[in-house]
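Same chain, two partners: subunit A is paired with subunit B first, then with subunit C.
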Partner chain A sequence: MHISDGLMAPVIWIAGMAIALAFVALAFRRVERRLEDRTVPYMAILAAGIFLAQMLNFPIIGGTTGHLIGAALAVALLGPWGAIAIIFTILVIQSLVFGDGGITALGLNTLNMAVIGSLAAWGVIRLTPKRYKLPGIAVAAWAAVFLGATACAIELALSHAIDPSYGIDGIIALPSMMGLHSVIGIGEAIITTSVIAFLAKVAPETLGMAQEKAKGEFDAT
Partner chain B sequence: MDTVEADLLERIDEIDRYADRSRLRGYDARIKLVCSVSLVVVIALLRDLEPLLIVLAFVLAIAALSNVPLRHLAWNFALALPFVGFAALTALLTNGADAALVMFIRIGCSVLVLLLLVSTTPFFKMMGAFRALHMPKMMANLIMFTYRFIFLFLDEMERMRTARLARGFDGGRNLLDKRAFRTLGATIGMTFVRANARASNIYDALLSRGYTGDVRTFESSRPRTRDAVLVGAFACVGILAILVETGVMAWTL
Partner chain C sequence: MRRKVIVGSLAILLAFSIGLVGFFAVSDGRPDGLETVLEEQGVEEQQPVWTAPLDYGSDYFTALAMGIIGFGLVLVISFGYLRAAKKQQGTK
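On to the complex of A and B.
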């Protein structure tokens, strides 16, 4: 789902950049306001962990694989603003250190995966009753991937509609992106849920620490 | 699965390998960053074949000058191919061959510019450039910590991978493979557990050495003449491409 440079119409990526940067600035300000001694290294550890987790491919069917995005995982551990900040950090490193995902497309990638992904996951987690916490996280992870991919498909279709030399025709983009990611989302849901279940069992102090940092934004235990 | 993972680990390891050998290494990182980003922005605005060919020729020339091994560039470019290919293929189906070619060259050029920037600039110089260009301190620190921790965990992940293989894990077959997902979930979970323990240790070590959140390096670089040449070359190509694109300057092949 990492969009490269040159794919989207200029109007689309400029608008995406503006919206994404506004959210990122807000997220960093929110995180900074609650800045404690160990917030930055703790967030960086999570970002590094999610960065590496993104490299683990899981099998879908017949040789195709998908990989984790981690927005829901970050939301469950850090709350929505922290999640936006660290997914953005991961995207910057991927783009400017590994050349994965474009610079002009950084705004759209941030919007799809960091902003829409995190807010969708956060919404679902907030709406889930406490006793269904794990199923709630599963649905949140699926929704984050599916809505992010849908946003990406809409951007591709809009680009194509504005100027046929950009983007991908909506007739192709929408069903292929949404179809594929409704399946990838299941993998994301299973992995996110098993990571949270694993942490609750093996290292509840990790969740406790996150809870302390997130202060009431999401009750992790 | 495990071969893919191993390939990616190797790729991370490779990231700064050519940076110190490249002929572009000595150029000011801030200048390289600004030039590359500006050129990518120009490329993203181009819709005709001719200006794109001008930029492509320039980028290939820089690639040849840079001394970065072709194999390295080709391998990293191949990783971007599925996306480039998919976009070009749909353009071929919906808008014909010309549109597909334009799409392919436009995305390919941008990927190449970024790859060149990344392969010729060591990470910490890039961070210095970010700070010099006024990236907020917290954001820069977060990126720097994240990058450092990635390498720490690579070791751990490699050990866990060996352990998984030793126990007969084969990567699983499909989405319904329950055991495969339990193993992957536990692996990721364990990464966080180890991460958490290490974060405290590392941070304590930093604090005991007087870390205050500021990162200083010995280097204080000043743009030199050759940096001006680089800016000039990028600016000429960018402006030429835009002039040809807008039709101010006629271009005949």
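On to the complex of A and C.
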């Protein structure tokens, strides 16, 4: 779901960059405030692991593939601000070093995958009763992908409405993006839930480690 | 802690090297959700504003090497930033 250069109208990617950077600045501030010595390597490894997971596309329907975004996984382990910070870091390296996602689209990619993905996952997790932790994480992962893709479709539609040489008509963009990503989201839900269930068995101390001080946030243990 | 970081990193890289086999077996060269929508509408990819020095590679061993490089970059940059932020927090 990485947007490349030249796809969106300038006013859309500039607005996306401004909104995304505001959230990223807030996220880094919140993360820095709560940082503990033992969580530093843990957050770095999680970020690096999500980078690798994003490289591994899995097949869905009709020759299309999807890949893990990792926002829900990061939210379940670090809380929303930690998730936004590490997904942003991954997106910057993907764009600058590997050409995955355009530089001008970095703000929109951050907005869709890091900000909207993380906040959607966090909202679902917060609303889930504690006795339904794993199903809640599955729904959160699905919602992160679906709402991120819906945002991307809206950006495509707005770009096209501003200048038809950009984006795609909303009548096509919205159902296509939402339809495909409702299936890709199932893959995200399966992977995220499996990783959390696995960590709960082999390294339960890692769950919720980086959000102990985050009052009221989700404790996946 | 250092031992846990090394063991954790090796476990993730091992899982990636196995997952990459599956990727090349069933997903390589196939578009993702956004790319599928763009292809169906005949939207062509534009020239990137920035030419990245690396790409993910088109065969198993190149992709594995790129994965290791990317993993290392994300790990070092994240760790360096967070470590510096923690130190700064301590001096305040």
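The rule is short, and it goes like this: the second predicted complex is superposed on the first by the 206 of 221 C-alpha atoms of A that agree within 3 Å, B and C clash if a C-alpha of one lies under 4 Å from a C-alpha of the other, contacts with A are read in each partner's own complex, and residues count from 1 in each chain.
Simple rule for what comes next: a contact is a pair of C-beta atoms (placed from the backbone, for glycine too) under 8 Å apart; a residue touches a chain by one contact, two chains touch by 3 or more.
All of these numbers come straight from a predicted model, not from anything done at the bench.
**Student:** With subunit A superposed, do subunit B and subunit C clash or fit?
**Tutor:** These partners clash in the superposed model.
**Student:** Could you tell me if A:180 is touching subunit B, subunit C, both of them or neither one (first, second, both, neither)?
**Tutor:** second
**Student:** Tell me the contact category for A:13 with respect to subunit B and subunit C: first, second, both or neither.
**Tutor:** In the superposed model, A:13 contacts subunit B only, not subunit C.
**Student:** For A:168, using the defined touch cut-off, is the partner it touches subunit B, subunit C, both, or neither? Pick first, second, both or neither.
**Tutor:** It touches subunit B and subunit C both.
**Student:** Can A:191 be said to touch subunit B (first), subunit C (second), both, or neither?
**Tutor:** After superposing on A, A:191 lies in contact with subunit B but is clear of subunit C.
**Student:** Per the contact definition in the header, classify A:97: touching subunit B only (first), subunit C only (second), both, or neither.
**Tutor:** A:97 sits against subunit B and subunit C alike.
**Student:** Now for A:149: first (subunit B), second (subunit C), both, or neither, which partner does it touch?
**Tutor:** second
**Student:** After lining up the shared chain so the two structures overlap, which partner does A:199 touch, if you call subunit B first and subunit C second: first, second, both or neither?
**Tutor:** It touches subunit B, and subunit C stays clear.
**Student:** If you lay the two complexes on top of each other, which residues of subunit A touch subunit B in one and subunit C in the other?
**Tutor:** Touching subunit B and subunit C on subunit A: residues 2-7, 28, 31-32, 35, 38, 40-41, 43-45, 47-49, 51-53, 55-60, 62, 65, 86, 89-90, 93, 95-100, 102-104, 168, 172-173.
**Student:** Sort out for me which residues of subunit C touch subunit A in the complex.
**Tutor:** Within the complex, subunit C touches subunit A at residues 1, 4-5, 8-9, 12-13, 16, 19-20, 22-23, 26-27, 30-34, 36-38, 40-41, 43, 45-56, 63, 66-67, 69-75, 77-79, 81-83, 85-86, 88-89.
**Student:** Which bits of subunit B are touching subunit A when the two form their complex?
**Tutor:** 1, 4-5, 8-9, 11-12, 15, 37, 40-41, 43-45, 47, 76, 79-80, 83-84, 86-87, 90-91, 93-95, 99, 102-103, 106-107, 109-111, 114-115, 117-119, 123, 126, 136, 138-139, 141-150, 152-154, 157, 171-175, 177, 180-182, 184-193, 195-196, 198-200, 202-203, 206, 213
**Student:** Contact residues on subunit A for subunit C in the complex?
**Tutor:** Those residues of subunit A that touch subunit C are 1-7, 28, 31-33, 35-38, 40-41, 43-45, 47-49, 51-53, 55-60, 62-67, 86, 89-90, 93-100, 102-104, 149, 152, 168, 172-173, 176-177, 180-181, 184.
**Student:** For subunit A, which residues count as touching subunit B in their complex?
**Tutor:** 2-8, 10, 13, 28, 31-32, 35, 38, 40-49, 51-53, 55-62, 65, 68, 85-86, 89-90, 92-93, 95-100, 102-104, 160, 163-166, 168-169, 172-173, 183, 186-187, 190-191, 193-195, 197-199, 202-203, 205-206, 209
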